[in-house]
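Everything on this sheet refers to the single structure shown next.
Chains: A, B, C and D, in written order; residue numbering restarts at 1 for each.
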């Protein structure tokens, strides 16, 4: 038993996992609202506030009045627990990789990732730097945006692409039915990105 | 609690910090960042006693992309886009001093037209960067309208820069011996229109942000840096000028056209967060003046290639035609592989956040032997450690926003 | 079998319950969806942008909150291993339920047949119920076992001390003026809306409600730049959705109270007989007025930043509290003169 | 004020301390021995140079030494603000140790930490000598030393790219 949450069988909380499973069967099997869930998630992609590098400038500009990505329902939000999208903005350094991975693990599924900028694809201008990692080594990326930095229009376009992907491939309803992302492999970093911190 | 022994000046300046890791264990330790809305790409480890910050330890390096090392392996001119990534919203200001250092080693002076062009883009960048700072500052104290307004108006300046250089942020505009492009024909009208627009908008900024009672209450008397301590900590830019230090690299060692244009350097005495906001606000006004003058000068004088003859004389006639038609200076391929004579040079320029310094050492090869960059944010980072203690937790975003700290620039 | 159905029906039609379901749950959900949309749109308008749009261009993005809620409902709910499991799950649920509970006791019509609970102290009971739900925000912050949550919870506790007295005092000033604790009598007594007779108390109540519901100059417990999401930092999925809704539902409950006390309740309309005229129309008027009041509340977001905690407390005790006292004194004077 | 005048002022301040003067473009620097560094720095500070602009270390691998120069200037004395003066020393590459100047110029604190992690130069008596930018694994390699090499693709290919 660990802490006070180990038994999970108290009367007034009940076994959350079991009841969640039952509710899932009821909702997804009988009511068939998978399509609505896909629609809702597509228009509610909230990126978490994690600026990894200088593409953050254009990230900020994407939510500025001129481009206003909030039109598409995306609202940058503060905490990792309340969001469902991570937008890697450019280079991820070895020190930042830990933060990226931890943030990704903190986010509740179903979650999505957009990698922004040339650095996030293959290092870009810093390709031979000794202090960077590729984001796809740490988290599974859904959409890549080329450019150094990409224009805000490109970022908005990536959000629309992701929306289209979610609705076409029914990513979220499949996640609810099967419990994992069918279109993405689980990425486990080869080496622990937080080893420098854990010592 | 142990106190630093601080030379002779200890009692005089009152600059007492506590040694990290030696403080009592029972204080509440809060990690602010790197995934935290109150910090950009950095972490500040604060320890709080009640609501008061006892110790703040900036933990930088989350965006350290090894520019100094990479520069040693790249050709001289390929380093320009590399260094630009330090502060892409302020690209021209950040790279112009590297170019000046190269010109000092090459012993050439750009033609006056190139100087004015660089000055023009520098000031456009400065306004854009100040507005960026204002936006982040606004969001840090919960004022989302300031963020949206300043980012909306920043687009005006970004677009102006785009007309001039072809890129939104990463212009790579200055090159050794000149600038990459002349102004387009319709640029002066657009620039004047933008200046008029900004003069009108700045009043509205003042009303909603600087004179807003809630904002004033949050900013006044927060993060005070007295003049002597500011000098001791070596802070730069608006932070120093808000503390009464009249230092601006544009005045101290005029580069480009800054000794010919008229402008003032706003200096405030209070040294608190509000004064720092006001410095930036007044600087935007001065930048508008400089833009007007530079545009007038460029319009009055005939178009000529804004690049030193050493590079331009060897160009084939076709490229001169390209310049006539498009105003674009094509670079010689030898420039990419250019070898600099051995020598050492240092140059400084005033970016939006303060003075940036390049130390460039050449050993006669096509790549630098050593480039040392000291960026304004790297010098201002020390403020967290010495100024934040003693203020409340809710003042930390205020201090962070007011010194306009930009981690990619600080970490290089 | 019939007995059970009767029992269930009698529970549903037990007046406080159906008022809670009809106005408290359904009404507040509709109003909150509208208000959050309005808040985002109005802020966007001030900030020269569009706000939520592409989700339903013809409705100007009105279903945005529906999408957000569905997304939250089907997202994983993470309960940290170090959290106090039971309290962590229960706190937001209880807080949400409690935040609309005041609606169960306020009469929304003058027709006695449709009063939820006929009693003479309805304003006192309603005010007492509003003070319970913030406790569970503190519980939520404590149960999360996260530093930011705990700091947020402590801030919430500080803010409670500041606004509670003011809210109670300024809203009770109306009952002091009419010399009754019965909300119906207070509404009936308002030949002129009480806001005109005692604007000071209204202003104090307005500010205290802003503080109670994290309205913008006082959005301190959830101040994102220091404490991420305050007490809700560790909450995800449905539980966070509940938390977020709770603040707005609380604002809705307060707004209904303020409408009854200051804005004449169902005032231009005189409730008659029958469920339509006796209950639905007057309660609709009250809800509509409350929605308008909430729209005014949401405008502060685009104008102000947030105060520091100590400044907010100082302002509350030094400025707003004397204002509430003054309003109360004014009410007593009015009672003496017999204005109402 | 130009560099020639600044040179006079500094030479006056440093009288009695043996210093090698080196001129670069845009700055002037005085190289003293390791033992005299703190004394020389204190005298410069008294002469009005109140903050460190840049702490520059250059690794001369062939000569087996690091050159460490504190480039200082003045804020409070507006005459001196226009010049950059360096005061520095040289330490051997194999055992880089030198006294800290934090107690003379507080503005050098973070830059000394940076030099420590990038070059492995040990500043004796530095109050807080920890890593600043790098992770321990990267800092072990001392990345800015010349024997740490990053590869760069040549700009002109000798063979055309295939495929």
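We take it that a contact is a pair of C-beta atoms (placed from the backbone, for glycine too) under 8 Å apart; a residue touches a chain by one contact, two chains touch by 3 or more.
Predicted, not measured: the structure shown is a model, and the values here were computed from it.
Annotation of chain B and chain C: jointly contacted by A, touch as defined at the top. Ignoring chain C while keeping the rest fixed, chain connectivity by touch leaves one piece. Looking at which of A-B and B-D shares more C-beta pairs in contact, the answer is the pair B-D.
The greatest centre-to-centre gap from chain D, using C-alpha centroids, is found for C.
With each centre defined as the average position of its C-alpha atoms, the distance from chain A to chain C rounds to 33 Å. For this pair, chain C with chain D, the centres built from the Cα atoms lie 62 Å apart.
Computed centre separation for the pair chain B/chain D is 23 angstrom, with centres defined by C-alpha atoms.
Along chain C, residues 47-49, 224, 228 each make contact with two or more other chains.
Residue positions 64-66, 78, 95, 128-131 of chain A are each in touch with at least two other chains. Taken residue by residue, chain D touches two or more other chains at 134-135, 143, 148, 150-152, whereas all remaining positions touch fewer.
Every pair of chains meeting the touch criterion is listed here: A-B, A-C, A-D, B-C, B-D. In the complex of the two chains, the chain B residues touching chain D come out as 4, 6-7, 15, 19-20, 60-61, 64, 66, 68-70, 73-75, 78, 101, 104-105, 227-228, 230-234, 240, 245-247, 252-253, 336-337, 343-348, 355, 357, 359, 361, 369-370, 372, 374, 378-379, 381-382, 386, 411. Of all residues in chain A, only 2-5, 8, 10, 12-13, 16, 20, 36-37, 39-41, 43-44, 64-66, 68, 70-73, 78-79, 81-82, 84, 106, 108-110, 172, 176 touch chain C in the complex they form.
Those residues of chain B that touch chain A in the complex are listed here as 34-37, 40-41, 61-66, 69-70, 73, 81-82, 85-89, 132, 135-136, 147-149, 151-152, 154-155, 158, 168-170, 408. Interface of chain A with chain D (complex): residues 94-95, 128-131, 195-196, 199.
Interface residues of chain C, counted against chain A in their complex, comprise 40, 44, 47-55, 61, 64, 66-71, 74-79, 81-86, 89-90, 224, 228-229, 232-237, 240.
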